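What follows is a set of structures to go through.
In what comes next, chain A is part of two complexes: it sits with chain B in the first one and with chain C in the second one.
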Partner chain A sequence: MPKKTHSSLSRMSRKENRQLTLMTLPTVIWYALFCYLPLFGIFFAFKDFTPVPGDSLFENLFVNSPWVGLRNFSYLFRNPQYVDVLVNTLIYNVIFLIAGIVIPVSLAILLAEVHQKKFTGFVQMALVLPYFISWVIVGYCIYGMLATDVGQINGLLKMLGADPVQWYQSPEYWRGILISLGIWKTSGYTMVIYLCSVNAIDRSLYEAAALDGANFFQRVRHVTLPHLRTTIATLFILGVGSILNSDFGLFYQVPMDSGSLQTVTQTLDVYVYKSLMLQANFSFSSAAAFLQSGVGCILLVIANVITKKIDRDSALV
Partner chain B sequence: MNNTKHKHRSYVRPQDSSLGKGANIIVIVFFTFITVLSLLPILLVISASLSSEDSIAMYGYSFIPREFSLDAFMYLFSSGDTLPRAVLNTVIITFSGTVLGLAVMCPCAYALSRREFRWGKLLTVFLLIPMLFSGGLVSSYMVNTQILHLKNTYLALILPGMCSTWYLMILRNYFRTNIPDSLIEAGKLEGVSPIRSLVSIVLPICRPVVMSIAVFQIFGYWNSWYPALIYIDSNHNELYPLQYVLVNIERTVQAMTRDAANVSGMETVTVPGMTMRMALVVVTVLPIIVLFPFFHRFLKTGMTVGAVKE
Partner chain C sequence: MKRSLKKAFAAFSALALMMSATAAFSGCAGNNDDGTIRLRWVSYCTAVPADMKEVIAAANKYSAEKIGVTVDLEVQPTEMLNLIMASGEYYDMIYTCEWLNNYDTNAAKGLYYDITDLVKTETPALYQTIGDYWEAAELNGRLYGIPTLKDMGTEMMYRLNSDYFEGEKGMEIPEFMKFEDIEPYLAAYKADYPYKYPLAMDKSGVPGMTNFLERVIGTFIFIPYDGDKLQVMPLWECSDLVDRYRLLHKWYKLGYIEPDASAVESTASNKDIPVRYGVAWRGYQGYSNPDTWGFNVKTSIYDGPYISRATEQGAMTAICAACTEEKAKAALKYIELLNTDRKFRDILAYGIEGKHFNYLENGSVMRTKTGNDRYVLALYQTGSVVNASVESVSRSFLADPDQWEKVYSGYKEYGIRSRTDGFVYDQKRKEDIIAALSAIYQNYATDLRTGTSDPDVVIPKMKAEMEAAGINELLADIRQCLDEHLASSVDIDFS
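Take a look at the complex of A and B:
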């Protein structure tokens, strides 16, 4: 009897397989067009792109443009501006990576201990909201605060008798501003992810720890954190993989593309966008983008391998 | 991840909490402060939009409007068809993007969720590779403009954001853990086709995750402005979505202040006043704030389904 069921199922399976394959087709086409077709653009990074008007993109890229090997990359690294951009991107991302674990985890651990259910629910909602507000809107809100003549902060400074600050001309403040905004926008969202893991911990473990005389911090150290290990590792590995990516909106839109702030606000994504859109420098910006993607991919794999060595269960694959 | 057992207990009973009464109050005060901080920028912008233009010129922005006025909103909606057009564009993009995205992703996620599907493993790898490696802005721009000819079309604002490996994996994992195999088998024995069983069995059971992805997509499309920045030229402003109208105003102001120094007899471009701009910000963000309390409960499903891992 079981044998017969099996064979009839597998016969059905062939037809079903075909139907299921058909169901995946639209997604496969979308990925082919929007993810895989642009992959040939890697060649841009190794070519001196000289398009002939009227020719197709492929002719322009493969026939009309000469190979230049790594020349685009060496130009890139000899450009002092690019090195600044790279350093900026790394600084911001390392800070976001660390703050993106420490702050949400602490908030989640604290919020999980609050007795009032309604309060907890409301706080979660209010903290997640910034994640769904676009950087364009945030940029305007910040402008309302920092505008030189009419801004909130300068008004406050005047009231206190201090000199108003030309915020959009003073790069020294902007690292702090951008970091705070980045944290403001994503912490709540990440906190909710951790909060679910914290809430899934069996409460009896805490009771046992309490019976053993563990205080709050000892309980966090020996019960909560070990349970969050996998979630932290996952988000950490993904963060390492995007170490050269940055939130275009935060670094382009929020400083209102102010020229005098460029030294601290320009990250790789902004740089790629600008050299493509303003200077139409295809080879340059695709070399930068290739580096971004390649380095991210390699780092992700390395982070995953290391995590796997330390703790098998926490690795991604 | 088996969270179902604890799903209904999202808080601790006072006797279980490791915080005493006093500590609890301190933590509550702390979180109240954080909450206010988190909502502050939005409150400020709403207040600014309700102030009169004169009071802002005189005193600057304040948290509570000094002179309450709805003029900015009245003016926004009575001046030409730019704003209604932008609202319409955003609604069209949001609606069609969300519906199309789900229509494309749900069947695929269902196929992936079936363990005996022959191409499942291969397809998963196919979907994961773009998460690791992408062609970058330059080549997507070239492909979308020169091969797919999306420049200055609605499709440029809808298609590129339609699918996401992340969403597909969330859907797949939810389908896997929430649809009992026996249900699918029963359907198969009755000769129900996969697409029928998706529509009539799987989707009704998995409403929470579908709603969740829908909400993510709705917010994503409502907030999107980057595709418009790249793919819509300034002579096609009838395609501008709301968010991009805001970006564009700000760019015009920047360009004007930049040029004002060296060009004196420049053509004057009318830029909306400060309260007007803030009113436009409020019009853009208000739907999100109003809908958020209703949508919030759906979001959680998508946020907490283990996405990459099984």
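Take a look at the complex of A and C:
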């Protein structure tokens, strides 16, 4: 009798497992098609891709194209600007990484304190909305504000008696502009993730803390933050993985590709785009992508190991 | 576990196989049911006209009867053409030229069909029509593409609002002027309208401004048409060009150019602007239609006509190297028909007679409203320009039907010819340097060509960076290739 119960239980759980597994199928297929299948593109980075029309892609890649070792990477380092390009990419990403934790977490904690449903709903919407506006549109809105002779900001400056600024020729302002825009666009979206974690925290913990006389900051420090640790660590590690990537739209479309601003707007993606505008060179662009993902992957593993050392539960693997 | 892994692997490899198979077989245009041959023809255009399908059907009906060939004509933007070539996709005929989907590079790679012998035996009329201009397609003594007969040299001009300058201000607009001669016109307008900008300028700069130099790499390495001997020069050594940049910067500071020009995508919608530019030919009427602009426009030529391999390669058609001989012959026949049969040519050029255009009494063509709205492609995008009827923009302003004869004899008379004997540098030799240089150039180019930055400050910076990136190595290699080319030139006899 007990044996039978056991087997029917396991049958049930197996059935449930199968259903759950099936539910993951779309994701698995998506990953196979768009993440694993294109992996063979790594070969492009080490080949001089010379296709013959009519031949299949595999033939073209493996038979028709010779190996060239690391030659496809050399154009990235030929230009003396590459140091600035890398520094720019890293500076922006480190700032985004830190701001991408501090701001959304603070917003989530503040929003969780508000108990007016309608108001929270509105604020949440307003914060998430920018995430869905394309950079091209943002770029033109910003242009409307910053244009030298018809822009609103210069109009305001003139009204106040100050000298108008040629924004698109003044790189000193753009680090601030780009960082604020980047934060404005993404923090709402990330905040939702944190807000879910905050809302999932057992309310009785707060009540207990309040009974013990903890004020708001103490409750945040000793109840909320420890619970968010895992989520923060996960998003942080993933962010480190894309440390050499940058949002092309933000750094190319928003400054309208203005040459005067290039010292502060040129990130690795922008640089690769500019290098290859004259040629459709798959091998060169694959080399750049390989470098980005390679460095990202190594840093991700390192970040994970460090996280594991500090706090076993928060690490990814 | 092991089995399921195996299965997953099998599924994965099947998927990969399927993808490569579709890659291999897709796009193979074949023969039609009635035995006529169907060709996939990819041409260049950024927008597909609304009535394109209908027009192609009409053209196919005509060509199927005449030569037994029909086409699936599709127009694609630059990136798509590059992608089709870079990924090895199959096509039968493709648009190729000097300024996109580069003819020389692709022909040298062996991507285009060698038509040298076929064109003489199969399509003698085509061979004769192109005549001297075959030299634009000649590479190492062989032919890999068919030049499109159009304006073969570049002439750069200003387009001025003549109602304002001649009518209101009493200034004369001469047929020819120098680049810098536009200044008094700009000054006059600025004096009348201090808050407007008289010179049209967007981030692409003045179109054709560097055409008085022969381009070797992008727009930063040139060979001047004049001078004592042939010289390969980086931008900063071309003093005439640097002077033009200085002039633009002066105009920028004087307020003739909009302060944010380097961020402006296009000024096309601003009909106020009294001075624009054009790259066309003598007698071209496309800029003069008062209905489009709201005022009369007169053009004044400041450069040209310059004739080089690059300008003669303004538009070409090539046949895919993977084509069968049958298809290659069919493609040649089709291009021959476009070059020799005016009635057929006018279909792809202007659409369907009576619906999209009408013939006028002097033999020129005028588009109807439907034609203007629903079928506009530049003539060079669908074949010979010279063989198409010329277009009049209004009944009161008829185009000269003999326009092209005059243009072509003009080239013979005062055309400024390149002395490089069709030299073209194989960019594959120093691909990485060129990629690095073009990134550097892009950083300064927009501000230079819009007058935003001071060339005396910016060019030395650019020079230092380009030298660090290896421009001298590239220049030395180009010079060596040029010398070798000049020493070993093979000439085909086209008579």
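Remarks
Keep in mind that, in the parts below, the second predicted complex is superposed on the first by the 225 of 317 C-alpha atoms of A that agree within 3 Å, B and C clash if a C-alpha of one lies under 4 Å from a C-alpha of the other, contacts with A are read in each partner's own complex, and residues count from 1 in each chain.
Methods note: a residue touches a chain if its C-beta (ideal position, glycine included) is under 8 Å from a C-beta of that chain, and two chains touch if they have at least 3 such contacts.
What you see is a predicted model; the values in this text were computed from it and never measured.
Of the two partner chains placed by the overlay, only chain C lies in contact with A:55; chain B stays clear of it. Contacts of A:144 after superposition: chain B is touched, whereas chain C is not reached.
With both complexes superposed, B is the one of chain B and chain C in contact with more chain A residues.
In the superposed pair of complexes, A:241 makes contact with chain B only, with no contact to chain C. Of the two partner chains placed around the shared chain by superposition, chain B and chain C are both touched by A:37.
By the touch criterion defined above, A:276 lies against chain B and chain C together after alignment on the C-alpha atoms of chain A.
When the two complexes are overlaid on their common chain A, residue A:74 makes contact with chain C while staying clear of chain B.
Contacts of A:129 after superposition on the shared chain: chain B is touched, whereas chain C is not. Look at A:290: by the touch rule set out above, it reaches chain B but stays clear of chain C. In the superposition on chain A, no contact is made by A:170 with either chain B or chain C. In the superposition on chain A, chain A positions 33, 36-37, 56-57, 147, 149, 256-258, 276-277, 282 are in contact with chain B in one complex as well as with chain C in the other. Residues 9, 12-13, 16-17, 19-21, 23-24, 26-28, 30-31, 33-42, 44, 56-57, 107, 110-117, 119-130, 132-134, 136-142, 144-145, 147, 149-152, 154-155, 184, 188-189, 192-193, 195-196, 199-200, 203, 206-207, 210, 216, 219, 234, 241, 248-249, 253, 256-258, 269, 272-273, 276-277, 282, 285-286, 289-290, 292-294, 296-297, 300, 316-317 of chain A are the ones touching chain B in the complex.
Against chain A, the residues of chain B that register as touching in their complex are 1, 3, 6, 9-14, 16-19, 24, 27-28, 30-31, 34-35, 37-39, 41-42, 44-45, 48, 56-57, 59-63, 103-105, 107-108, 110-112, 114, 116-119, 123, 126-127, 129-130, 132-144, 146-148, 159-160, 162-163, 168, 188, 193-195, 198, 219, 223-226, 230, 243, 246-247, 250-251, 254, 274, 277-278, 281, 284-285, 288-289, 292-293, 296, 299-300, 303-304, 308-309.
If you check the complex, the residues on chain C that touch chain A are 12, 15-16, 19-21, 23-24, 79, 82-83, 85-91, 109-111, 195, 203, 218, 258-260, 262-263, 320-322, 427, 431-440, 442-448, 452-453, 465, 468-470. Residues 32-33, 36-37, 49-58, 60, 71-72, 74-75, 78-81, 143, 147-149, 166, 168-169, 255-260, 262, 266, 271, 274-282, 284 of chain A are the ones that touch chain C when the two sit in their complex.
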